[in-house]
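Each of the next two complexes has chain A plus one other chain: chain B in the first, chain C in the second.
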Partner chain A sequence: MQKELWKGNEAIAEAAVRAGCKAYFGYPITPQNEIPEYMSHRMPETGGVFLQAESEVAAINMVYGASAAGVRAMTSSSSPGISLKQEGISYLIGAELPAVIVNMMRGGPGLGTIQAGQADYFQATRAPGHGDGHMIVLAPSGIQEAVDLVADAFDMADIYRNPVMILADGMIGQMMEPIVWKEREAVALPPKDWAALGREAPGKTHFVTSLRLQSPENERFNQELTGKYQRIADKETRWEEIDCQDADLIIVAYGTTSRICQSAARKLRQEGIKVGIFRPITLWPYPYEALRKAAQQQSVKAVLTVEMSSGQMVEDVRLAMCGLKPTPFYGRTGGMIPETDDVADKVRQILQEVKP
Partner chain B sequence: MSQIVYQRSPGLQDVETHYCPGCHHGIIHKLIAEVLTEMDLLDTAVGVCPVGCSVLAGNYINCDFIEAAHGRAPAVATGVKRTHPELPVFTYQGDGDLASIGAAEIMHAAMRGERFTTIFINNAIYGMTGGQMAPTTLEGQKSTTSQSGRTRELHGLPVRMAEMLSTLDGMAYAERVCVADIPSLNKAKRAIKKAFTLQMQGIGFTFIEVLSTCPTNWGMSAVDAGKWVKSNMTQYYPLGVVKDVEVQA
Partner chain C sequence: MTREIIIAGFGGQGVMSIGKTLTEAGLKEGYEVSWVPSYGPEMRGGTANCAVVISDEPIGSPVVSRPSELIAMNGPSLAKFEPQVTSGGLILVNASQAEQKVSRQDVKAYYIPSMEEAGKLGSFKVANMIMLGAYIKATGALKLETIADMLSHVFTGPKAHLVALNIKALEVGASYIK
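Right after this comes the complex of A and B.
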C-alpha cells in the first residue's frame, strides 16, 4: 500500500471522515486548528455537516444533539477547551450517547502555553465530567496509530454508547509522518433504536435523557454503567511492550513521550543498559495487570514513569505496582518536552541508586 | 345520546403532569400538542427540553424528545436539525435557562437563522430551583435571591428576549403571547402554528415567547397568578408580533 505524508491534525480529521463521521462541531484553539479547518471543506464534500460553534460548550452540545439523533459525530479541542466541554461530556455519559472527542493537549494550567503537554491525564481518565463515569481514552504515539485509533474510537463509541477520547498532544497534532490508509473490516454495530428521530408509534416515543429523578433508579443506572466499564476493561485494554523481556529498568510512557523514551532506550542499549518500554495505548481502561506482569520479572530493578506533566500517570503506575518495585518519576511540564539525554541520565542515576 | 365535545389531544401522552396548580406549562404543552397533531408532525417531531421545570416535557408531549443541559437546548437542537433538516425540531425553554445561562446559545442560534422553533416560557422567575431571581424578573418583584424586590441599581432591568433576538437577521418570526385567557390562548396557538409552518418552509429561526405563571414561587393563588400576567407582565413585555420577515419583505 502506498505511503502518504500527513500532518497529524489533518490525518485525524480525514480518518474520522473515513470512519463515517457525518457531523463535526468545533471551536478554534491552538494547536488543533487544522482539524476544524480540514473538516470545514471535507465534511460538506462527503455529505456531512460542519459547523463552527459559538463556543466549546455549544460544540459539545451540538455533538450531543447529532448523536442523540443517531449520527456519528465528533468534536476536537485542546486543553482549556476540553475543560469547557466537560459539562457536555458528563451528559453524554449520562445519556449513554456515542461521541468522539479529540484533545490535542497543551501545557496548562489556565491559559498556559500552546506547546505540547500531557497534563490533562487526570481530567481524561479520572474526571471527564461530574458524577460517576468514564471515557474510553486512546493515546496514539504517532500519526499512523492516531489514524487507526480514530476508526476504532467511532466503533467503540457506538458499541458501548459512551464518549471516546483521542488523547494526543500538540506534537502529534503538528508533526508530519508517512502513513498508510488501511482497509478495515466492518465491525458489527448495535442498532441505534434509541435515537430521537421520530417516534415509532403514538405513545411509543424516544426520550434521550440523563435525568433519573428517583435515586434508586439512578443508582441502578450507575451500577449498570459500572458493569459496562468492567466489560470495556476486560475487552479493550491495550498496550505495547518493547524489549521488556530482559529489561533492567522499564520506562512507562505514552504518546509523544514514549517516542522520546524509545530513543533513550536505544542509546542506553548501546551502553549495555537494558531498558524496556511499556506503553499504555488505552489510558482508560489502564493496563494495570499487564504492567505488573512485565515488571514482575527478576531483572527489573525499577519502573520509571516519564510524562510531560508534574506526575499524573505515575499514580496509575504505582497502583499497578503496589510497592512491588521502586517507581521513580521524571517529567517536564508546562509545554517543555523531555530530551532523550535527560531521560537516559535519569535511567543511569536510578540504576546507580537501586544497585544491590 | 352523549357526544364528545372535548378530549385530550392525541399529541399528549396519557399521563398526569407534575406541574403545580395554576402553572401554565400544561396549557402550553397542550397547544404545542394540538399544533403538531393538526400539522401531522407528531411522528417526526423532535423536541429538546433543557433543565428547569419542563425538563420532563418529554414524558408529556407525544413525540420524541432529547433532554439538554441548562441553557444548551439551542445547541442540541442545532445538532439535530443540521443533520436532519427534514425533521420538525423545537426547543422548549424557561427564562432562567434561555435568558441567563443559555444566552449565548440562543443568540447564536438566532444569528445563524437555525431552522428550528423555540418556545420560550417566561414566568419571570426560576421555578424548579425554588423561586430565585431571573433575568426576566420584573423591577420590584420579590424572589428568594431579591428578597426586597429587584432593583435597577443592583440587577439592571429585565431583558426582553423577543425584541433583543429580533435585531438579528437570522430571526424569521418572533411573537410574544400569553395563555391567561381564552382569546390570548387562541392567539398563542396561532402563533405556535405559524412558527412551525415557517420552520417547515425553511425560512429561518422562529421564536414564540409565552408569558407564563409560577403561582407557587410568586406566592399567589392560581387565579391571581393568571391575573398578574395580564396586569403586570404584559406592561413590561408587550404582547404581539415582534418580527415577521414575510411582512417586512
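Right after this comes the complex of A and C.
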C-alpha cells in the first residue's frame, strides 16, 4: 500500500468520508478549518450533505437531527466552539444518538490563542455537557492513528449509540505525515431500528428525545447509561506502552505531547536513563488498571505526567496510582508546546529527588 | 540519521513550499517524514516558518526546537533561529534579504543571493528553489533527481516549461556550495 502525505485535518475529514459519514455540519474556527473546507467539496461528491451553520450551537443540533434520522453525522470545532456545542452533546447523550465530534484543541481559556493546547481534557472526559453521561474520547498522536480512530469512532458511536469525540491538539490538525489508507474489516453493527424515518405502520412511531419527565423513568435511564459506560470501559479501553519494561521512570502523555516525550525518552536512554512512555489512547474510558500495572514494577521510581495544560490528565494518573508512586507534573499551557530538552531536564531532576 | 530542519522567512517567500517539497521528496526516498507549519498570526505578513523532520527511524517529536539545519530566508528569521541550531549544524542564508552574517563559529554557514540569481533566471518566484538546491547539495540528504522528477508531475500542460526553470534554479543554488 502506498504512503501518501496528508495534512491532519484533511486526513480526518477524508477518513470520515470513507467511514460513510453522510452529513457534516460546522462553523469555522482555527486550527480546524481545513476539515469543513475539505468537507465542503467532498460531501457533495459522495452524495452527502455539507452545511456551514450559523453557529456551533446550530451545527451540533443539525448533527442531532441527521443522527436521529439514522445517518452517520459529524461536526468539528476547536475549544471555544466545543463549549458552545455542549448543550447539544448532552442532548445526544440523553437521546442515545451516535455522532462523531472532533475537537482540535487550542490554548484557552476564553478565546485564548489559535496555537495548540490540551486544556479541554476535563471538559471532554468529565463534563461533555450537563447531567450524567460520557463521551468516548479518542486521542490520536499522529495522522495515521487519527485516520484509523475516525473509522473506529463512527463504529463505536453506532454500537453504543453515544457521541464519540476525537480529541486532538491543533498540531495534529496542522501537521503533515505519511499515511496508508488501510482496508478495514466490516464491523457488525446493530440495526438502527430506532431511527425516526417516518411512521412504518399505525402505532409504530419512533420517538427520539432526551425528555423523560417522570423521575423514576429518568433514573432508570441513567442507570442504563451507567451500565452502558461500564460495558464501554470493559471493552474499549486502549493505551500504548513504549519501553515501560524495567523503566526508571514512566512518562504519561497523549497526543503531540507523547511524541515530544518519546524524543526526550530516546535522548535519556543514550545517557543510560530508562524512561518508558505510557500513552492513553482512550482518555475516557481511562486505562487506570493498565497504568497502575505498568507503574507497579520495582524499577519505576516516579510517574511523570506531561501535558499542554496546567495539569488535568494528571488527576487521572493520580487516581490510577492512589499514592503508589510519586506523580509529578510538567506542563506548558496557553498555546505553548513543551520542548524535548525541558522534558528531559524534568526527568533528570525528578530522578535526582527520588533517589534513595 | 535524523535531520531536523527549520525553514523560515516572510510569508510569500515560498517557505512552506520548500518544506513540503523536502517532506514529499523524503517520503519518495523511503524516509520517515513530518512537516509542521507555523499557523499563527505570523502567517499574515510577519515571519512564517515550518519544521521538517527526515529520518531513517520512526519520528518522535515533529516539533523542532533544536534544528540541525536552518534555511533563513530573511534577517529576522536568521536572528530568531540562529541560536537554536545545534552545534555543528548548518545555516543557509538568503543573502538577498538578510544583511547580517551568522555570528556563531560552531556551525557551517553559506550565503546565497537567491533573489539576484532568481532575477537572472527571469523569475523571482524560483528564489526558494535556489535555496532548496543549495540545501540538497550542502547536506546530501536527498537526491536532486527525486525533486526534478516531482517537479515534472507538478508542472504539466501549459505549465510544463516551468520544470526546466525550476531544475535550473536548483542547480544554481547547488553551485553556491563548494
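Here are some notes:
Methods note: the second predicted complex is superposed on the first by the 356 of 356 C-alpha atoms of A that agree within 3 Å, B and C clash if a C-alpha of one lies under 4 Å from a C-alpha of the other, contacts with A are read in each partner's own complex, and residues count from 1 in each chain.
To be clear about the criterion, a residue touches a chain if its C-beta (ideal position, glycine included) is under 8 Å from a C-beta of that chain, and two chains touch if they have at least 3 such contacts.
These numbers come from a predicted model, not from an experiment.
Room for both chain B and chain C is found when the two structures are superposed via chain A, with no clash between them.
Applying the stated contact rule after C-alpha superposition, one finds that A:Y91 touches chain B and leaves chain C untouched. In the superposition on chain A, A:Q123 makes contact with neither chain B nor chain C. In the superposed model, A:S79 makes contact with neither chain B nor chain C. When both complexes are overlaid on chain A, the residue A:A196 reaches chain B alone and has no touch with chain C.
When the shared chain is aligned, chain C comes close enough to touch A:M176, but chain B does not. Contacts of A:A68 after superposition: chain B is touched, whereas chain C is not reached. Between chain B and chain C, more residues of chain A are touched by B. Minimum Cα separation between chain B and chain C in the superposed model: 30 Å. Comparing which residues of chain A touch chain B with which touch chain C, the overlap is empty.
Contact residues on chain C toward chain A in their complex (touch as defined above): 20, 23-24, 27, 32-37, 39-41, 59-63, 65-66. By the touch rule above, chain A contacts chain B in their complex via residues 22-23, 25, 49, 51, 53-55, 57-59, 61-69, 71, 73, 87-88, 91, 95, 196-199, 202-203, 205-211. Residues 3, 5, 30-31, 113-115, 170-171, 174-178, 256, 259-260, 262-263, 265-266, 337, 339-341 of chain A are the ones that touch chain C when the two sit in their complex.
Per the touch definition, chain B reaches chain A in the complex via residues 10, 13-14, 42-46, 48, 55-56, 58-59, 62-69, 72, 75-80, 82-84, 87, 104-105, 107-108.
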